[in-house]
Structures are given as structure tokens and as C-alpha cells.
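Got some structures for you, see below.
Here come two complexes built around subunit A, the first alongside subunit B, the second alongside subunit C.
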Partner chain A sequence: MESPPKLTFPELFLQLDRRIIYSLVALAVAIPLIWPIGLPIRITPEVQSVFDKIENLPEGSNIMMSADFDPASQPELYPMMKSVLRHIARKKHKVAITVLWPNGPNLVAQCIEEIKLEFPDWKNTEDYVFLGYQVGGTIVIIGVGNSFVDTFPKDFYGSTTSTMPIIKDFSRLGQADYMIMFEAGNSGDWWIVYGTEVHNVEVGGGVTAVVAPQYYPYLQAKQLNGIIGGLKGAAEYEMLMEHPDMAVSAMDSQSMVHALLFVAIVLANLFAFIVAMQKRNTARREK
Partner chain B sequence: MLNLAILLQAESQLLPWQQSMSDFFTGSAMVTIGTWIAAGLTLVMFSFIYKDNALFRLGEHLYLGISAGYLMSLYFFNNMKPVFIYQLLPFLDPSGDSVLNLWVIIPGILGVFILLRLVPGLGWLSRTTFAFYIGGFTGITLSKVFSGLLLPQFYATIDVIPYAVTSGPDFIKLLNALVLFVGALSVLVYFFFSVEHRGFVGGVSRVGVYSLMIAFGATFGYTIMARVSLLIGRIQFLMFDWIHVEIIQRFATIFRGG
Partner chain C sequence: MQFFRKQFPILLAFVMGMMMFIREFIPAKIAINLYEGFTNWAIVIVGFSALFAILSLLHHHVNKIRRKVPGHGYSIVTIVAFVQMLILGLIFSVRPGTPVGWEYWWLFVPMQATMFATLAFFIASAAFRAFRARTWEALALLVAGLFVMIGRVPIGEFISPYLSDFAGWIMNNPNMAGLRGVALGVALAQIAISVRIIFGIERTYMGGGD
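This part shows the complex of A and B:
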């Protein structure tokens, strides 16, 4: 029986079992979580803009927040939402929160509970109102532009919104001094087109990395004042808040995996080139 | 489990059985059980990386089934009940806030029309609803999309013209605006199929292809970053919420003489 031809190292590398690469990726994530490296996190201007806007608003300003994501995007958007909410509570701004995704409200409720542990004086219906989820997407945005109370007669907790103290000075989108939206899809497009552009409200976006390229044109057109993009953006915001949390602790892992993938892509291309050259040389010799 | 507990707490006036359920779900034992179920299901989903298997399919179906059931109950209790049923039959509303509103019959009928797609011979009625929906929505949308999306983006793309006049020493801004302008224009030329892509037009459309490739590359890079973030989120959950790796970290610190 003829033995199979002996493979060269580049050929062996190119036939590497994908499960080995998966295992390396798992290790690249897990090891820095156990032993953090502490790689530096550089603050980008687009994250700084969002932070500066919230930081420089006078105390008690009205901020509209929309959390349009679900558990599938939790690792990226939850840390940034928590940081921004912490910032809002720290600066004593008023915030009205809506959700356009049906699986999102419980994440917001959980985040509010965590922020309340840090700021026990942060009061529901006075400092914040969580309006919850309402079906309709663009129709909800148009409704919120007219009236919170008409669009959300009851808040997430079942309380009547019309009698809430916060509603007295903050009853519609147009009264917001700033808006921040957390987006895992294209609901942010709707907010810009049907909400903030119509009511002339400045808006910043916290977005997943997948949709970030979709939102950069808005930044360039000054329809967004800043973008917190992906886990990296969330880590930057935590650094700006001087309160490192979930995102900062994950950044070492993120960098390690990126480095691993970079090396794998370079090596795979290099070895593919070498193998192609070897085959060409062999063919020439056989001629 | 915590989410379910929050959902139960969200009811302003809890009935005794709801209170009992809320207490049950917020209890520490239930949180531990929930964490173990979530960890088990995470590992089941990860098992697909090794090989497709029956457990993975079970997890997949469980996820889809629970999501569909949750969404259906959410739509019913958050929308159908307060916006339709209580408006039509106010005496059913326990809070007593609802008043009779017969206008809801119209959207109700339009909604039933969509369901009639399942009935052979009456499916055509659904087209009435869709015509109403599409027509109304187009009317609302058209002007806003022009003023809120198309024109601002157009102005931002031709920003090169004011920069060319006023930029002065701000060369980078001018260059940025120029790259954007040329990129957008060349991509539009690439998608203009009424002229054969030869000569000058061919050259411009080739620039368009390169612009598209750069955009796709950036998107791909961001997508990798997003997927890695999701993996990190899951591994953080497994390590810190499930197996409490802090113990290993503490051990490592002691081992290193910390």
C-alpha cells in the first residue's frame, strides 16, 4: 500500500483543525480574565464627545434615553448603558427611558436596580422614569415626540405616568436637552429621522460594533455628536468615568484575541503563498 | 431568573400568588439554579463548535420556543389587553382607568384581516390591511426621510466645497472631505449601469469598487470585534457567575507570593 505523501510544515498549518483555533481563542479570552494584563485604553474623540456633553449639561437637565437592544447584544451595550446611566445619576440629570425592542425592558430594569444600589437617592418618577416597551417602532418615536403620557400611559412598573413629578417639566422628546440611544440594529436611524431631527435634539449613540459603520455617516454629518462603539467604546466610557467595570476587564481579552487572529491571518496567507510557490516549482521541474 | 422576578415586581399591585412567585424567583436558591441552567445551556450551544449534536438542537429549539412564547405573552399583556380589549370592554380593566373607545374596532378588523390569510378564499382581505399600512406609513415617512436623512447626508457628502474655500491650513479636514466626496461619487458611478463601464467611467467605477472594499473591510473588522465581545460576555458569565474563578485568582496571587 502506498503511504500518503509527507506534508510540509506550511501544508500542515493550512490543514490545521479549526477546533484548535477555537481552543486558542478560548484561551486568549480566558487567561487575561484570570490574570489581567492592563493594556492601555486610549480615549477616542467620539466617546469623549458623548461624555463631555453629559458632563457639561447643567445639573437637572433632561435626558432622553432609548435602549434598543436585547440579551444578544448585552455584553457590548449593557456595560455602556450602565456607565452612562451612572453618569446621569451622578450629575443629577433627569432621564426618561424607552425601549423599542421587546426583549430589552428587563435589561434596563436590571441596570436601574444596579445603579440604585450605587445612588440610593436616585428616585423613580422624580429623577427617572422608565417608560418601558411599546410596540410600533417609528410610531412610538413620533408619539414620544408629541407626548410621553399619551404614548406610555403607564410606565414599566405599571404606574400612571401623567401624575409623575418628572413629567411636569419633561413630557415630550422636544424638551430633552440631550438624547442618548443604545442601538443593536437600525432603530437609531428611526430616532434620528423621526425624533431628534424633527425636534432639534442633540443625540449621541452607543452602538454595537457590528452596526457602528452604519452610524458613522451620522457622526460625519453631525447628526450624532458622538459614538460609543462596541465593547471598546464602553471601556473608554468607564475610563472617563474613572469607574472601571465589566468592559475594562474584558478589553485585555479582546486585544489578545485580535492579536491572535491577526497572527493567524498573516501566517495563513504567508503559508498559502509558500505552498502555491512550492507547487509551481514542482510543476516546472516535472515539465 | 432575575429578569422574571423584575417582570413580576413590575406589576404595581401584586396578587398573593404573584407575590409568592416573585419571592420564589428572587430567592438565592432559585438564582443558583438559574445560573446552572444558563451555564448548562451556554455549554450546550458551544458544543456545536466541536460537532453538530442532539443537545445543541435541543438548546436551539428551547431558545426559539421560549422567545416566541415570551414575545407572544408580552404583546398580549402589553398591547392587546390595554390598547384593544380594555378599550372595548372597559369593565374588564382592574384599574378602572379605561373608557369605552369604539374606534379600536377599525384596527381590530384590519388585524383580523391579516389572520384571514390562513383561510383559503378570504386571504385577499389581508391586502386591504397591507395597503392601508403601507400607504399611511409612506405618507408619514416620505417627508421626514427627505428632511432628516437624505438632505443632511447629501450636504455632509458635498462638504468638500465649503472646505475648499474656507479650510485654509486645515489640510486634513479638506483631505477627509475630498476622500468622502470622491468615494461616494465613484460608488454611485459603479452602480450606474446605463453606461458601459469603459474608459473614464470604467476608471471611476474601479475607484468605487476600491471604496466599497475598504468599507466592507472596516465592517468585517467591526463584526469580528462584536463577535469576540459576545464570546467574552459568555466566558465572563461562565467564569465569574458560574464557577467563581475569583477563587483561582486568589490562589494564583498567594502562589505568586502576593
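This part shows the complex of A and C:
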């Protein structure tokens, strides 16, 4: 009986069992979480712009916030939302928060509770209003451009919005001095097209790494003043706030997984090239 | 009946479409009121469409259970989950601290987090096997992808700050230029399709295809 041909090292590498790859990824995530490396985090201009805008607004400015994501994007967007909300509370700005995704409101409610623990004087209906979720997407954006009260007669907690103190000076999108949106999909496009451009409100975006590339055209056109992109962007914001939190602690893990993938892809291509050359040479010899 | 099935929706789309279009150029109070009124109508209509979506979902799964098609057990789980959440939500609301809030935090969030966390493993394995430079175009994509992947995390900046700068250049120039082209194409297509709907040329939204 003929024994199977002996595989070369490149061929063996290319047939690497997926369980080995999974194990390597698991180790690359877990080890830096247990023993942090403390890699330096450089601040990019895109994140600095968002921070500077909120930092330089006069105290008590109106900020519109939209948290358009659900638990699938929580690891990336929740830390940046928490950091930005912390910044808003620290600067004593007013904020109105909406959600365009049905599974998002509870995440925002949790974030608000965590910020309230840090800033006990930060008051619902005075310093912030959490308008909650409303079905409709673009229609809701057009609606908040006209009136918060008409679009959201009740807030997330069931209180009537029309009687809230915050609504006196901040009753529609056009009265916002700045808008920040957290996006895991296309809703950010809708905010720019139907909201901020129409009402001439400057806007910054906190987006997942996957959708970040699609928001860069808006950045260059100055329709976005900055982008907080992915977990790295969240970590940068935490560094700017001098309050390292979840994102900073996850940066080493993300770095290690990216480095692992970088090496794996480069080696796989190199070995694939070597194998192809070997096959070509063998074919030539057989001719 | 034929009029209400065919001509009336086209007439309605034409009248409403033209009205909203012309309104953009009239800065009078009546035009603003009209706009705000229609926006509120739209929220109500979208609410009803969500109701139809729910009914359609239930109809689909009830049919699967009735016909006992393979995998109908999942349909039972879907309906049970839907009904119990609807009842609990109507009785206790959906805010934190309610039964629905509990299900959200202790069932929905961990399940969705688990599903997306496993993606990291699948993507790593798929990238290792499929991300190959078989053509010059694929090579360009591969090189750009690798630089962005390593340049956008702290380890890239640790190796060399130029890596991060180069990744930023890729995002701000070739990526931006390509996506702007796509965005402009989509916008032009949206204008074209809107005009076709307003003038009754595009009728597929009514169903039937004619």
C-alpha cells in the first residue's frame, strides 16, 4: 500500500487546524487581560477634535446624543459613550439622549446610572433627559428636528417631557450646540442628512471599527468634526479624560490579537507563495 | 376596486411626493406646519408597519409549526419568547428592574455578546485561510488591510509611529475617496428612484411587479 506523500512545512502550516488558531486567539485575548503590558496609547486628531469641542463649549451648553447600537456593539461603543457622558457631566452641559435601535435603551439607562454614581448632582430632567427609543429611524430624526416633545411625549422613564426644566431651553435639535452620535450601522448617515445638516448643528461620531471607514468622507467634508473609532478611539478618549476605564484595559488584548493575525496572514501568504512555487517547479520537472 | 389597487397608490405617491418637494422651497408658516404634521403622521404609520412586521413574523412561525417543517422547534421557542416578553412588558413595562429588564440583561445581552465574541475566532480562522494575494488587486487590498490592522492599535504605534500615520493616511485618502464615490452613487440612485416613484414609473413597492 502506497503511503501518502510527505507534506512540507509550508503545506503543513497552511493546513493548520482551526482549533489551534482559536486557542491562539483565546490566549492573545486572555494573557494581556491578566498581565497587562501597558502599551502607549497615542491620541489621534479625530478623537482630539471631539474632546476639544466638548471641552471648549461654555458650561451649560446643549448637547444632543444618540446611542444607536445594541448589545452586539456594547464592548466598543459603551466605553466611549460612558467616557463622553462623563465628560458632559463634568463640564455641566445639558444633554438630550435618543436611541434609534430597539435593543439599545437599557444600555443607555445603565450608563446613566453609572455616571450618576460619579456625579450625584447630575439630575434627570434638569441636566439630562433620556428620551428613549421611538420607532421610525429617519422619521424620528426629522421629528426631533421639529420638537422633542412632539416626537417623545414621554421620556424613557415615563415622565412627561413637556414639563421638564431642560426642555425650556432645549426643545429641538436645532438648539443643540453640538451633537455626538454612537453608531453601529447606517443611522449616522441619517443623522447627518436629515438632522445636523438641516439644522446646522456640528456633530461628532463614536463608531464601531467596522463602520468607521464609511464615516471618513464626512470627516473630510467637515460634516463630522471628529470620529471616535472603535475600542481604540474609546481608549484615546479615556486617556484624554485622564480616567482610564474599560477601553484602556482592553487595548493590550486587542493589540495582541491584531499582531497575531498580522503574523498569521503574512506567514500564510508567504507559505502559500512557496507552495505554489514548489508545485510549479515540480510540474516543470515532470514535463 | 381596481382604482384603489392600482391608480390610487400612484396618485397618492405623486401628490404627497410633489407636495413635500415643493414645500422645501416655501418658507411660509403653513408649509412648516404641513411638514411637522406629516412627520407626526409618518411616526404613526411606521408604528403600524412595525405591527404588521410582528404579525408577519408570527404568521410565518405559526405556519411552520402547523406544517411541522424540519426545525419547527425553533419556531416554538420564538413564539414562546415573543409572547412571554409581550405579556411581561405590557404588565411591568420594559425598564431596568422589571422582568423584561432582567431578561434583557441576563439573557439577551450575554447571548448577543457570546455570538459576536465568537466572530473574532471565526474571522481569525477565515482571514488565515482566505486572505491571500492571488492577484495584484488582492495584494493591494492585503497590504492596506495589514497596515490598517496593525497601525490602528497601540502595538503598531509602539513599533513605529509611522505605522499609525500611514494607517491614518489610508483611511483619510484612498478609503475616503472610494467611499465617497459609493456614497455619491447611492445618493444619485436614491434621487432617481424617488423620481420614478413620484411619477409612477416604479411600482414594485405596491407588490405584483407591474
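Here is the rule we use: the second predicted complex is superposed on the first by the 287 of 287 C-alpha atoms of A that agree within 3 Å, B and C clash if a C-alpha of one lies under 4 Å from a C-alpha of the other, contacts with A are read in each partner's own complex, and residues count from 1 in each chain.
Going forward, a residue touches a chain if its C-beta (ideal position, glycine included) is under 8 Å from a C-beta of that chain, and two chains touch if they have at least 3 such contacts.
Since we're looking at a predicted model, the values are computed, not measured.
**Student:** Where does A:S147 make contact in the superposed view: on subunit B (first), on subunit C (second), on both, or on neither?
**Tutor:** second
**Student:** State whether A:Y194 touches subunit B only (first), subunit C only (second), both chains, or neither.
**Tutor:** A:Y194: touches subunit B, not subunit C.
**Student:** Report for A:I274: first if it touches subunit B alone, second if subunit C alone, otherwise both or neither.
**Tutor:** neither
**Student:** Should A:L16 be classified as contacting the first partner (subunit B), the second (subunit C), both, or neither?
**Tutor:** Touch partner of A:L16: subunit C, not subunit B.
**Student:** A:Q134 contacts which: subunit B (first), subunit C (second), both, neither?
**Tutor:** In the superposition, A:Q134 contacts both subunit B and subunit C.
**Student:** Kindly classify A:P40 by the partners it touches after superposition: subunit B alone (first), subunit C alone (second), both, or neither?
**Tutor:** Only subunit C; A:P40 stays clear of subunit B.
**Student:** Which partner does A:V210 reach: the first (subunit B), the second (subunit C), both, or neither?
**Tutor:** Touch partner of A:V210: subunit B, not subunit C.
**Student:** Counting only touches as set out at the top, which of subunit B and subunit C does A:A259 meet: first, second, both, neither?
**Tutor:** After superposing on A, A:A259 lies in contact with subunit C but is clear of subunit B.
**Student:** For A:M246, using the defined touch cut-off, is the partner it touches subunit B, subunit C, both, or neither? Pick first, second, both or neither.
**Tutor:** In the superposition, A:M246 contacts subunit B only.
**Student:** Would you tell me the residues on subunit A in contact with subunit B in one complex that are also in contact with subunit C in the other?
**Tutor:** In the superposed arrangement, which is not itself an observed complex, subunit A uses residues 22, 25-26, 29, 72-75, 103, 106, 109-110, 113, 134-135, 142, 156-158, 209, 212-213, 217, 220, 229-230, 232, 254, 257-258, 261 for both subunit B and subunit C.
**Student:** Spell out the part of subunit A that touches subunit B in their complex, as residue ranges.
**Tutor:** 19, 22, 25-26, 29-30, 33-35, 72-76, 102-103, 106-107, 109-110, 113, 132-135, 138, 142, 153-154, 156-160, 189, 192-194, 197-198, 208-210, 212-213, 217, 220-223, 229-232, 246, 249-250, 253-254, 257-258, 261
**Student:** With touch defined as at the start, can you tell me which subunit A residues reach subunit C in the complex?
**Tutor:** Spelled out, the residues of subunit A in touch with subunit C are 16, 18, 21-22, 24-26, 29, 39-42, 44, 70-75, 103, 105-106, 109-110, 113, 134-137, 139-140, 142-143, 146-147, 150-151, 156-158, 209, 212-214, 216-217, 219-220, 229-230, 232, 235, 251-252, 254-262, 264-266, 268-269, 272.
**Student:** Which part of subunit B faces subunit A closely enough to touch in the complex?
**Tutor:** Touch residues, subunit B against subunit A: 2-4, 6-7, 9-13, 49-50, 67, 70-71, 74-75, 78-79, 82, 97, 137, 140-141, 144-145, 147-149, 152-153, 155-156, 180, 215, 218-219, 222-226, 228-236, 239-240, 245, 248-249, 252.
**Student:** Under the stated contact criterion, what part of subunit C meets subunit A in this complex?
**Tutor:** 35-36, 39-40, 42-43, 46-47, 50, 93-96, 101, 104-105, 108-109, 112-113, 115-116, 120-121, 124-125, 127-129, 131-133, 142, 146, 149-150, 152-158, 161, 164, 168, 171-172, 175-176, 179-180, 183
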